[in-house]
């Protein structure tokens, strides 16, 4: 097995080097595209696994959820588009497994019109079925309503005024779970999974004005911005991108998609770093000896 | 029309003060926090808003009175005219994207304002302008500013109805279409001004591959690194909002920038004072001034 | 897998590969995908707006709940169509002014209250050395970083002398932050590609065995 | 009339939102006005939809009629618009294929064409980010050197393989990157930009409310 792994790694390095060489030789950025494609496809076929530490923000979120009393009510949002599913869906799944495992009651909703309701419906139902949870008693899917600023504000007053019915059109009063949930006062924690700026409104409207703690899972691109809010205490913990999701999967001891995806990540990251180092090496050589006709710059 | 404006300005300042006094009275007269008609917790925000408005309006007033107000050079904005000129020389169009958000986002309005300035330049040079937009309301606003700009430059006929066009409702469908425009119409200059999200790099890299000069501006901190990497000039955060004033060279608008600087200095001082007070465990009351509920 | 399911997978795979083909160069497949995509998404917004705005937010409340006053935004909306009539297009400015003024009102207060105040407050951190070297250094980095970034945006003076020095520190901080952000984002982007590749390999290539068996 | 009235409308509609912010929604009418006015804005936006449809149809229809370059694709676009839009505005009571519920034409087109294409466009960023890094990260000046060094450090730190490497250099390095670069310098700059941009946005809002900035009516 180790032998084949060594062969596999040598192959990876060799092909990367050839493609990088071609990039410089031809001055064509498409060789880089080819390399990226190769490094993503390879680990999907052959699985590689490496250990890693858990970031403190993920731990903070995990501990905040862990510290909730059993059977508390948690709101879980699906504020993401289908386009970021690879990053966000594992977060939602990990959160659902963790919360269902603690017998929490879950209210889900979305501020995304395009696909939001169907994603939340599909993911929650699948996870609930796996945990043996019942719709209406253990979880409720409110679905989507337009104009999220008004929705977020309105739910502070009364959830029912915004969502007279759930996603499938059942009156809230007919759902046992919703009878004890009037507004944010009855919700112990809000777990936002988002790929866009809505997460900031959850803080600036809901956390700031109603005091309900908000934790979030966001795409890696948004994470640095949201760090600012973890630092200022407006946000309780943060999952950033696939690594955050993988960390969370490890914490709840249910490694899945995110953990697997990390090896492809490693390869692409390494390739980019190597290409930057080689690029600079050649740049300095060219500057020292004058331009030598290689098309490196236009690549 | 111009003579009427100071009256509105004076009115708003007076109004705000009256509002402040009235609300403090209501607040004082009222019972516990939850019962109050006025949200007394937000008094600091009200005071801040008033100070902010007053400072900006004072500078605007000074600008109107003809005081010389110096504004430093903003990299990127000086290049707009040059970049349009380049497109003219090459006989290729200029592509302008006022962000991908709806008009209920102030960044989009900033983008539309800049579009007004850029359209004047393209009108002057008679360079074709392409403005794909993602929301119908932005389409309406965009058409309005472009038509007005061409009218004021005396070239209403150079502006076609489809200069500003609605191309697609969804973020990435919009991006796919713009990528296509970049590859087929080969604009010599791409200007991105407004709220951009993940598509920033898709747009900027395609534009780069097509060999266009690119000037970008956004207040989304998460997209700035990509514009910096793939565009020739990038306006960061505040500079986007300053752009329309800067391009217009109207003293009235530039006055506001001075006001902003003044507030910025107050904030910098507050941060330093606050940090020092906190270091000696004496800053709780000071932090309270900046609370937001 | 049923025939319909296989058809759906092949359809998705076709458009996925057609869009990816743009990476090689602009071609007819990409053009087809691009135009279909643009058309569908425009159509999608028609359906979405019709159902969730016109019906749910205006027609239903007006007819069922008797909120008759909703005719005002309706009228403002209709005024937008004055754009189609030469000489009357200025009427649409009323609606634009309403929307833009509304946005301006929201942002004037929400930017100051929701962003400036808490961010300024969050920056007031203790630099008392008694808390240890690490936290003090972090506090100093944050304060110097925020202040110098703000100074970088100072428009009223040329960046020379002391101001220039601080502004230069600001641009260094900005570059460090942007580098960090760029590096941090790579992961998100690769994640998305992994998602697509998994689809192509698991579902699409997987369907071949279904077809041939 | 053509310019004064819009300025007044803009001022009043902004003022309502500011007032509403300071008033308790449970105790005053003005506080309750806010969601109402917000939904008004949405409704006005909803009406502009027709403007969008007219624009996209006109541009593409003209191209098809003139048989200009790529006209078959424009035709495909027109077909797509109507295939998606028409069934969605017909009431679902006529047929389960209409409307926008599960099982409708609209839903199917979204799930099997629109959504996968969104993911694909988004996924293309993986290629672009690699080529942008490769091209832009050159140590041309002190600033760009800082940019590329932090970018490479953070890229290493983000992946398990790189983390092992960083720990090999100095065991505390990943923690150091997390604390001082991400939580220190990066946070500080994000904050600085957020504060500055917020001031700019607020000033712009004020200018619009007072009618000082009114590009939307040609000034």
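Read from first to last, the chains carry the letters A, B, C and D; within each, the first residue is number 1.
Criterion: contacts are C-beta pairs under 8 Å (C-beta built on N, C-alpha and C of every residue); 3 or more make two chains touch, one makes a residue touch a chain.
Keep in mind that this is a model prediction, so the values were computed, not measured.
Centroid analysis (C-alpha atoms only) places B farthest from subunit A.
For the pairs A-D and A-B, the count of C-beta pairs in contact is higher at A-D. Rounded to a whole number, the gap between the C-alpha centres of subunit A and subunit D is 18 angstrom. Distance between subunit A and subunit B, defined via averaged C-alpha coordinates, is recorded as 30 Å. In whole angstrom, the spacing between the mean C-alpha positions of subunit A and subunit C is 16.
Per-chain Cα centroids separate subunit C from subunit D by 3 Å.
Residue positions of subunit D touching 2 or more other chains, listed in rising order: 7, 11, 18, 21, 26, 38-39, 41-42, 44-45, 48-53, 56, 70, 110, 114, 117-119, 121-122, 124-131, 133, 135, 137, 147-148, 151-152, 155, 158-159, 182-183, 186-187, 189-191, 193-196, 199, 201-202, 204-206, 208-209, 216-217.
Shared contact sites, meaning residues of subunit A that touch two or more other chains, fall at 29, 33, 36-37, 40, 81, 83-86, 114, 146-147, 149, 204, 208, 220-221, 224-225, 228, 231, 243, 265, 268-269, 272.
Multi-chain contact residues of subunit B, defined as those touching 2 or more other chains: 42, 45, 49, 52, 103-104, 106, 109, 137, 140-141, 144, 147, 166-173, 176, 184, 198, 221-222, 224, 226, 228-229, 236-239, 242, 257, 260, 264, 267, 292.
Touching subunit A in their complex are the following residues of subunit D: 25-26, 34-35, 38-39, 42, 102, 107, 110-111, 114-115, 118-119, 121-122, 126-127, 129-131, 133-135, 137-139, 148, 151-152, 155-156, 158-164, 174, 178, 182-183, 186-187, 190-191, 194. Residue ranges on subunit B touching subunit A, taken from their complex, read 170-172, 197-198, 209, 221-222, 292-293. Interface residues of subunit D, counted against subunit C in their complex, comprise 2, 5-7, 9-18, 21, 37-54, 56, 70, 73-74, 76-85, 87-89, 99-100, 106, 109-110, 112-114, 116-117, 119-130, 133, 142-144, 146-155, 157-159, 179-196, 198-199, 201-202, 204-206, 208-209, 216-217. Against subunit C, in their complex, subunit A makes its touches with residues 30, 33, 36-37, 40-41, 44-45, 83-87, 113-114, 144-147, 149, 204, 208, 219-221, 223-224, 228, 231-234, 240-243, 261, 264-265, 268-269, 272. Subunit B meets subunit D in the complex at residues 1, 4-5, 8-9, 12, 19, 23, 34-39, 42, 45-46, 49, 52-53, 56-57, 60, 102-104, 106-107, 109-110, 112-113, 115-117, 135-137, 139-141, 144-145, 147-149, 151-152, 161-162, 165-173, 175-176, 184, 198, 201-202, 204-205, 208, 219, 221, 224, 226, 228-230, 236-242, 244-245, 252-253, 256-257, 259-260, 263-264, 267.
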